[in-house]
Amino acid sequence: MGYGDVQMIDEKGNRVDGRKAGDLRPIEIEMGVVPVADGSASVRWGTNYVIASIYGPMEAHPRKIQRQERAVLDVRYNMAPFSTTDRFRPGFNRRSREISKVTAEALESVVLLELYPRSKIRVEIEVICAEAGTRCVGLTAASLALADAGIPMTDLVVSVASGKINDVVVCDLNKEEDNYGEADLPMGILPNSGELVFLQMDGDLSPEQFQEAWDYNMNAAMEIHVMMKEAIANKYGGES
Amino acid sequence: MMGQPLVPTLLRKHLAELAARDERADGRGRWESRDLSVEVGVLERAEGSAKVQIGDTIVFTGIKFQIQTPYPDRPDEGGLMTSVELRPLAGRHIEPGPPSPESIEMARVVDRGIRESGCIDTKDLCIIAGEKVWQVIIDCFAISDDGNLFDAFALAAIAALHNATLPGERFDIGEDRPLPVNKTPIMCSFQKVGGRFVYDANREEELGGDERIHITLGGDDHVHSLQKGLKGAFTASEFAEIMDAAKQRCAELKKIVDSL
Amino acid sequence: MMGQPLVPTLLRKHLAELAARDERADGRGRWESRDLSVEVGVLERAEGSAKVQIGDTIVFTGIKFQIQTPYPDRPDEGGLMTSVELRPLAGRHIEPGPPSPESIEMARVVDRGIRESGCIDTKDLCIIAGEKVWQVIIDCFAISDDGNLFDAFALAAIAALHNATLPGERFDIGEDRPLPVNKTPIMCSFQKVGGRFVYDANREEELGGDERIHITLGGDDHVHSLQKGLKGAFTASEFAEIMDAAKQRCAELKKIVDSL
Amino acid sequence: MGYGDVQMIDEKGNRVDGRKAGDLRPIEIEMGVVPVADGSASVRWGTNYVIASIYGPMEAHPRKIQRQERAVLDVRYNMAPFSTTDRFRPGFNRRSREISKVTAEALESVVLLELYPRSKIRVEIEVICAEAGTRCVGLTAASLALADAGIPMTDLVVSVASGKINDVVVCDLNKEEDNYGEADLPMGILPNSGELVFLQMDGDLSPEQFQEAWDYNMNAAMEIHVMMKEAIANKYGGES
Amino acid sequence: MGYGDVQMIDEKGNRVDGRKAGDLRPIEIEMGVVPVADGSASVRWGTNYVIASIYGPMEAHPRKIQRQERAVLDVRYNMAPFSTTDRFRPGFNRRSREISKVTAEALESVVLLELYPRSKIRVEIEVICAEAGTRCVGLTAASLALADAGIPMTDLVVSVASGKINDVVVCDLNKEEDNYGEADLPMGILPNSGELVFLQMDGDLSPEQFQEAWDYNMNAAMEIHVMMKEAIANKYGGES
Amino acid sequence: MMGQPLVPTLLRKHLAELAARDERADGRGRWESRDLSVEVGVLERAEGSAKVQIGDTIVFTGIKFQIQTPYPDRPDEGGLMTSVELRPLAGRHIEPGPPSPESIEMARVVDRGIRESGCIDTKDLCIIAGEKVWQVIIDCFAISDDGNLFDAFALAAIAALHNATLPGERFDIGEDRPLPVNKTPIMCSFQKVGGRFVYDANREEELGGDERIHITLGGDDHVHSLQKGLKGAFTASEFAEIMDAAKQRCAELKKIVDSL
């Protein structure tokens, strides 16, 4: 943190890739990319490339994970071995475990689990290419894949992060910025209610900076929500 | 892995009724803590240690040092590692086995609060640049889990760091000296119980509650770490409310740690 | 580990009836492939990559390089490693967990086809004899499993190798240069379905089929790798028949790869 | 073994910490130290500090460990990472597995398991600070915790070790002595009957030395038994 | 592969151990070598020494491996730690897993599994001394052990490999030849029908060389089959 | 892990009746061994080996050597490691998987008997002080378990050590030479069956028996290792009785090993 001597924003407020503080990287959504799945979607976001697939609702087994009154979500976030510059070694990984857990908890907050007692819904998130912000891309892709699978939800989840570089708050850090980032605030937002189902943060933000980052995320979420609705409408010919 | 308790419908109902009357099962106010004590220097074999008791929740944190080779791209910086052990000693609900997702999350959230606050300057851990640096290991260990282990561990961790000594003599590299710790980051955790957030949930409230928010603040109310855990959605105004409570409580706890 | 599907008696009967009429469920001929496409250079972070789609089966293969110390008895030879990841993303029948016997077998069979063909001369991977050599890692990753992952992985692997660049600059050892790949070994897989072998079985045929034979051929129809998998016995004349089919199909696929 | 040139006992028979050959290190017992457990106790013994807690009797699961006619004891002995001078790495450990096994077998010899068919009693032993003789301290603490949990036993188990340094047999080696020890004889004794439920030994003892070490242990066990009864009486106001 | 400068066959066609191209190493079979097993056999083949034992048919558990209409074979091929020149480290091993899988599939092709619905037959193969061709020795030993256990089979399985050195196809490579081998073609043959239940190959064989190696294996299988029948007859006094 | 056999109530009753008449199921006396044989030099790839058969219990032990760096505080001492493999080959009751508590206990008890007797002087294993020392690995491997594996492994281990050769040539550090082994520690195991201890329990007696005591004696009846296993309490006089039996039997077995 705090490599203040590397200048990542010029005097005109332009970032290294030409974006302004509040701009998102390019985002491209594709529905139904895993033909054998019950639902799937991919999201390209900058050079991030994440695929999510859904299987279920199906019988929950082993028995001990079954819940009498609702479905359980079995969520796995994973990085493919070729997703990073240095090969990412398959196997147990504490970071992936934590992201899987908070992603599951975010999705459990919107999926109508009570509709499927004793069952399990598998949510598989694979990072094919990683840039910065893969957990946000993954959560967004998973929510699209659930929609593709026809699993009823109270809302889509839109996830995006803002951060800080050179003591300036900006939206959606790319990889180069992330290397010099001084803070990161990823959020999972329900675009219809404005509620949050996912929130993390690390680094250093003053109360004012924190508010600024929060607001960037809220605005960006609305922008992404439009793209998500379009992608769904393109496939199903209607509004989500 | 922690066992999956049956959803305690009756407990949830009971807690909701209490919340409707702005009450808690043990008579506390929404932002009120249980009795809390912190002791340091309690572990004979650790280079720094603390015991924290919050109600019937009891934890130890021990600081150990090891010598390691620095990363090539950061030749003059030492390392920091946080481990959480939820051994079945500490509760009927804790099962033996490899680290559960819960314990991994705790370790990572406690670690981020310490790390991101900058309270340890990793350059202070350099012994010989490019060759030898100290690694600080923060071992959080639960003795009795009656809820809110997150705050107990985080408090014990920063207290134990303030209590720690770099064991130069044991490793034949000069005299022992206190570990430099520049700041006192404090974590406060809130859980939604009966539809509203409360501070320092006990285990009963955890079982019958919804989402949890962990906030770590440093000086001047700077935010260093946030984590939302468990199922549930919250609004911006709910968040603002607990952030205010956190600012007040963190300041109180900081005083306690700084006075040890 | 892949789940144990119930023996699909009805499916087997259905497939046997089709076979009796010399038909397949999707209308293909015995030696006919599903629609097949190969794309290279599709993975931003890999040093070589390919995407293969055969019907609804989709896989990626990425090539990554690492630097390692050579074995003392082969100081001027680099290394080659093939890994197969069958993540639960790619099918309802794939369970999470450590590598299944199925994925280990796939990795080893794909690896043998590449390795034994000599398409990579491990001496081309020497950087400094006795000190530093390249290790080529072939990561096969399934996106959608509708049958015949073996051929999809093998095809993606050789295509990705032809597409790969030795990343000298990233490791500060000279300029980037194409990985030398001298040959184009091709695998063709056959499964006994309804009592006779067919080429490119889809997942339904796999579920209702018997033994499987994997043949990897190089130039001049030289055999580089064989593997019989699953329960079943076959005759010499059955083998001769699929070997003929393999020779023809391998030549077709070789053209596709060599033209990329 | 056999670093005979380091003098650990002076000509008057005084040991490095001033004890005589048959003396124990100071022992301090506390009952009920884990509030959420069904029973617990801690024992400080020299600078050893061990906590034991009991959960159960409870339903035994998974099923395959269930026994129709009796309870099973599920005993875990573990060293906390900060319990030793060099950090003790968590995870699988052959020594801990062996100690857990022989401790379980010692306790099974006294707990009235037939009273709780199909159930499980969990016995958790955590070494918080290790000096020498942790397996004895752990077994003693576990037997106190079982008493605290009200689990019926035929007797308490008192565990203590004697050893040999400079070819002299002494009781209850401390850490410094243990480093130069030539033999170690830990025993688990039922103070009312004098029977043994736990016995290990390694090193080198002549038949006569063996008898001497055995006798030290027997005497020490009676002494410790008095302290154990006192600690229980202090909590429950009676005799155990 | 291809260390063509080491001469392994002389101008008269004699191999390093004096064999001709089509000759087998010496083979010795012993039945019933594991007294506590339901069936067992050992095979010494060159300096290979492999023991196989059978347990079952027994109830298949855990339940999820059970098959309603037939038995399952649970086959393990393993190398003892002292079976190789450099100690073979116990534990997970990808090669052993693959060999276990293909061995199981070969045996499933001959055992009358339908006779034992819902049950399990354990086949344990341990390599005590390894030379070259242990997978063939193991499969052969397992088929003998199944016969010793009285498990009905449609045929014995005879397994043998041919290979190539100095561009010459020869039968049953020994260790020294294997080190310089240019191809290896192990097969599992049903001697009565001539069918195959096991087939692997690696290296480089022209179509003609392939046919030659295939034929060597077929002939060798008939030779080994005679020894197998003798060993069974010696124990049971009849023809297999 | 070994399966949990159902408590064999009938078997226990039967064994108790036999014990009441001072008999054993196979007609042996209390301190009588089953037929026992020891062969050495039986494993082609090991540097020392032995096969021990006691009744229907059969085991192999192989000695392998590796070169390692000595511990800094003991620069001129080699290492010793004992491993026990209870593979499912050796009995219906043995399940595959990671080392069971039973096999760990066996390895540790066999190891202590060897190690504490001082039969291997670790200084004899020094090659270059501070740089290279031999590690002796004792691999105990069960072929057929009909009870009393402890004694079979311990006997095979000491016999194999006496048979072992330091493989200097294979590691290019001088000539092969016999491993110096100065003593012959012997283990004798006793199990309480039907209320009294017997020597060399077979598997039936193990299943229907109670606690077990393992005694390792060296020269002049010096005790080197003891272990009590399994549930049960015993008196001082019971222990004295089996110690006497152990002294006699260990002397007999020592003669056998020393005469090989």
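Note that the chains are named A, B, C, D, E and F in the order they appear, and that numbering of residues resets to 1 at the start of each chain.
One rule holds in what follows: a contact is a pair of C-beta atoms (placed from the backbone, for glycine too) under 8 Å apart; a residue touches a chain by one contact, two chains touch by 3 or more.
Since the model is a prediction, treat every value here as computed from it, not as a measurement.
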Practice task
Among all other chains, pick the one whose mean CA position is farthest from the mean CA position of chain B.
Solution key: E
Completion exercise
Rounded to the nearest Å, the gap between Cα centres of chain B and chain F is 48
Exercise for the section: With chain centres taken as the means of their Cα atoms, state the distance from chain C to chain D in Å. Expected result: 58
Practice task
Could you tell me the distance, in whole angstrom, between the mean C-alpha positions of chain B and chain E?
Solution key: 58
Practice task
Mind checking the centre-to-centre distance between chain A and chain D? Centres are C-alpha means, answer in whole Å.
Solution key: 52
Handout entry: Graph class of chain-chain contacts, one of line, ring, star, complete, other
Key = ring
Practice task
Report the order of chains around the ring; begin at chain A and proceed in the direction of chain C.
Solution key: A, C, E, F, D, B
Problem - Interfacial residue positions of chain C with respect to chain E in the complex - result: 4, 6-7, 99, 101, 104-105, 107-108, 112, 115-118, 211, 213, 218, 220-236, 239
Practice task
Flag every residue of chain C that touches chain A in the complex, lowest number first.
Solution key: 43-46, 49, 56, 58, 60, 62-64, 66, 83, 85, 87-92, 96, 137, 139, 141, 143-146, 170, 203
Exercise for the section: Provide the residue numbers of chain E that touch chain F in the complex, in ascending order. Expected result: 33-38, 47, 49, 51-53, 55, 58, 76, 78, 80-85, 87, 90, 122, 124-126, 128-130
Handout entry: chain E to chain C touching residues, read off their complex
Key = 1, 64-65, 67-70, 94-95, 97-98, 100-102, 105, 108-110, 185, 190, 193-207, 210, 214
